[in-house]
Amino acid sequence: MLTYLLLGGLTSGALYALVALGIVLVYKATGTINFAHGEFLMISGFLAYSLYVFAGLPYLISILGAVLLAFLLGAIAERIAFRPLMHANMVSLVLATVGVSFILKGSGRMLWGGRGDYLAFPPLLPPDPIIIGEIILVPQQLVVLAGAMVVMVAFALFFRLTRIGKTMQATADNPKAARLVGIRVEQVHMLAFGVGAAIAGAAAALMAPITLLYPDIGFSLFIKGFAAAVLGGLNSMAGALLGGFLIGVIESLAGGYIATSFLEVSAFIVIMVTLIFKPRGLLGLNAVRRA
Amino acid sequence: MSRAMVQVGAWGMLALWAAAANAQDVPGVTKDTITIGSFGALTGPSYLYGKLVMNGVEAVFDKVNAEGGIHGRKLVLLREDDRCEPAAAIAAAKKLIHQDKVFAINGGGCSNASIAAKDEVAQAGVPWLIFASVHDGLTNPVAPTIFSSALSASIEGQAQVEFAIKQNAKKVAIVSMRDSWGRSRYEPLVAYMKKKGLTAVADEELAPDANDATPVVLRLKQAGADAIILVLYPKPAAVFLRDSMKFGFKPLMIGQSAIGDPTAFEEQVGVPGATASFYTISHVKYTPDSPEIAKWRDAIHAKYPSDRLSVFNILGIGSAQVLVAALKATGPQLTREAFVKTLAGMKAIETDVFGAPINCAVPDHRCNRAPAWMHKEPGGPIKIIAVTPVD
Amino acid sequence: MMRGGKIAVRLLGPGPIGLLCFFAMLLLPLVANPYLLFVGTQLSIFVILAVGLNILVGYCGQLAFSQAAIFGIGAYGAGLLKVHLGWSFLLSVPAGAALACAVGTLIALPALRLYGLYLALATLAFAQFTQWVFLNWERVTFGAGGFRLSRPAFPYFTAGTGTFYIALFVAAILVILAARIIRSRFGRAIIAIRDGEVAAESLGIDLLRYKALAFGLSALYAGVAGGINAMTLGFVAPETYDLFLAVLLKAMIVLGGLGSIAGSVLGAGIVLILLELLRAFKSAQEIVFGAILLSCVLFAPSGLAGYLSTRLDSWRERYVRAFSPLQAGAARDAAEASSSASPVSGNA
């Protein structure tokens, strides 16, 4: 029983990790949380579906197309909604991103909502369960896991090694100083949002066979992903991965051993406990008292 | 008195007289229109049971209007959003009744919202034909003007238990959602099982947006259940069936009308063969692909180009046809009292989609008592196994 | 000429306008149908909620998302005491408010260590947790379907009209109270906390005490509003007190003006009118709501009261002059950025 619960937890944790990675990426590069991240995921998923089912494009091309469109969407959103608010207070920023999320959700509902309840997106690998000894997995879950690891490693290297990556970090660290050394802060932000949305797009394509596509999928995944990001440390990509897995496992264990109703609420209890005892997250550094 | 004042006075009297004259008219009925109100979720996750059903209703209204309306009056549908939320439903009902002054209501999506609005509608004496809400409390205690064309929760629960018994299930388990829809089905189900002397060997729970059902499947497997009654929406049910296949757990799976489209469900589960033992109930005896309702498929597609005919539309189509039949039968002198009286006396309303003719001449006003059992061979066509009328 | 102009400006001030609106509302039951009366009652409830929230967020700078959940605790408290113990509304509403206040004050404890985004997330988690309790503690709260309450009985009025007047009077009293409190020592202390905690502490302001008071006061307002809401609807259910409502409340204070009591009242009105107007959009409501929210935040960041304060002197003088949401926000975020700067380097 325990093995299965752990495995189940890791697989749903991989979903949360994928979402968290996108959130952390945007935070690392811009210092803001995009509350519409879940909706970017939803729209990209629907776009991939449309490209595959209506336009009849090949599977991988549809996914690629969705990722590119998501990138554009993210960049546009940054230009319209986030850039003007970079200096406003936190509440306004949150409300702006919430506004964007409503626009996206409503559009998703209008454009794709009338096709029935939940849309099925075909998986990357054949869906028959794989049995490895005692462990039984649905192949797509492995794909999601692999996807999460690939994204994490890719972006960890990106931030550490490439020039653009370092530029992004510098911009988030101190926008004024970055500007002084000639970094085009606005462009960096736009790029960051675009990439964050693109990750959401890739995540959607990988996840959709498991979670199914519907207009409201964004929010619940976002909340868990956000929880995972905070748990791991908002500045840490590795933390996002770790946080995602932890939340998935805790949920699964709580659901298995306590009561299934605990499955929904354990993520929130985890957030509350983490924030009280380790506000900067497991892999973030300790809090500095602000002036 | 100056001339201006006399003029104002005269206009004022005219206005008052006009208002008084109007006040005697039937609310929502004019010489050439009948206004029908509808509340349900237009936004939010439960929009399926609100917006899509209303789309079906409007498709029927359009057809009827194209044929000249009802005794020369065109039907107009006024929609209000309740977001599947009780307070919003109360507000929506108040608005439709007191502000928009509709003649009757053909609506009711989420059960919890409809229950909250029930008092408002009942007290105002407005006729209400419920099209999707299933909560028993809507028709028990019965209000004189409230009827339901949706299979009520206890009717479906009864049908599910009977089906399990008929299939010789020895160890029945229940998996349900703990939200208000789930509770409204769960309670009558358990009560009926008790009546039949049955106890569930396991009673599990899944969240509406669950992505993993491993703990539930493991516990059910341990309990040795051979038939599972699913009180779930399609998504958690799909996740449950998928995870059951993972563990090689293949009991009889008994669904209900929320999972009313076996073809879509097979796609959603995504694992070949997983739905081999899945049987489900539908309020209506056709699925979106059935050739018999091709004309409605076309109507929906024409009116809402980005939509595809779904079970929810079909539900609205049936309900609206009941409403239209009753309006026609009431005759040109249309009042709320006459309408309610007519509807309460109609024993066999034919519709294009319901399992059996609709009979509203029943004391509990549950007009639809014919659950249609459906089964789809994986990769094969959908078969209606039976339409089992319940009393 | 000048004097006439000055008097006109004075008359356009928040005080006189507020008085005018109050009297107009007194007359509403004479002309309104039950639906409009219901909307009017909602307005009073929103006003109470918005003013309470503004005390916490606008004046004290605590970015809390828990107001909707505490609103729910007030409603459940009042409703459950009535249904389980048979108390009348006269007793159960204050009791529910007291419960809400107690819970709200407790939130202040973890809030001592959390700022900005982290406080937002923690209070959001708390709100979800509270909804889960409403949903799952079936023995007490009746669980998912919620429960029905009998409407209060009034001697000369219908239940609807009576509740409307109670809501109106309570709202008026609480608004005036809030305006007084803000001008008191407590008000100055919480504003100091908002503008710089370390500096405030160095001035001898006890952070724990004042934050707890701010949270508690705001929760008290929410609790009272909750009890009145239970009275108005005659129904209490978990779904009503959800995150959508939390977003609406935040919208009220931002659109009206952070750090302004009159702004809170205006904001409540604006959002209510907005919601009613949105009805016309039927299925497109979400898109329109999002677009309006976004535009308002982009183009009117200091809210309606902020805008009016730049045009009419009477709106500026009455409230704390130094406050400007943009300045305070920027200062806070600069401090936040410099403190979170250290974790950035050296992490994947």
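The first chain written gets the first letter, and so on, giving A, B and C; residue counts start at 1 in each chain.
In this section, a residue touches a chain if its C-beta (ideal position, glycine included) is under 8 Å from a C-beta of that chain, and two chains touch if they have at least 3 such contacts.
Bear in mind the structure is a predicted one, so any value in this text is a computation, not a measurement.
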| item | value |
| --- | --- |
| Graph class of chain-chain contacts, one of line, ring, star, complete, other | complete |
| Pair exhibiting more inter-chain C-beta contacts, B-C or A-C | A-C |
| Taking each chain's C-alpha mean as its centre, the one farthest from chain A | B |
| Centre-of-Cα separation between chain C and chain B, whole angstrom | 37 |
| CA centroid of chain A to CA centroid of chain C, Å | 31 |
| Residue numbers of chain A (touch at least two other chains) | 106, 109-110, 261, 264 |
| Shared interface positions of chain C, touching two or more other chains | 136, 283, 285-286 |
| Sites on chain B at which at least two other chains make contact | 43, 47, 51, 178 |
| Chain B-touching residues of chain C, taken from the complex the two chains share | 33-36, 38-39, 42, 135-136, 143-146, 148, 229, 233-235, 237, 239-240, 242, 244, 279, 282-283, 285-286 |
| Chain C contact footprint on chain B (complex, rising order) | 42-43, 47, 51, 79-81, 83-87, 90-91, 94-95, 97-99, 111-112, 115-116, 119, 135, 178-180, 182-184 |
| Complex contacts: residues of chain C adjacent to chain A | 57, 63, 110, 113-118, 120-122, 124-126, 128-129, 132, 136, 196-199, 247, 250-251, 253-254, 258, 283-294, 297-298, 301, 325-326, 328-330, 332-333, 335-345, 347-348 |
| Chain B contact footprint on chain A (complex, rising order) | 1, 4-5, 7-9, 11-12, 15, 106, 109-118, 120, 122-123, 127-129, 136-138, 209-212, 214-217, 220, 252, 255-256, 259-261, 263-264 |
| Complex interface listing, chain A residues touching chain C | 28, 31, 33, 80-81, 84-85, 87-92, 94-96, 98-107, 109-110, 152, 155-156, 159-160, 169, 172-174, 223, 226-227, 230, 233-239, 261, 264-265, 267-269, 271-272, 275-276, 279-280, 283-285, 287-291 |
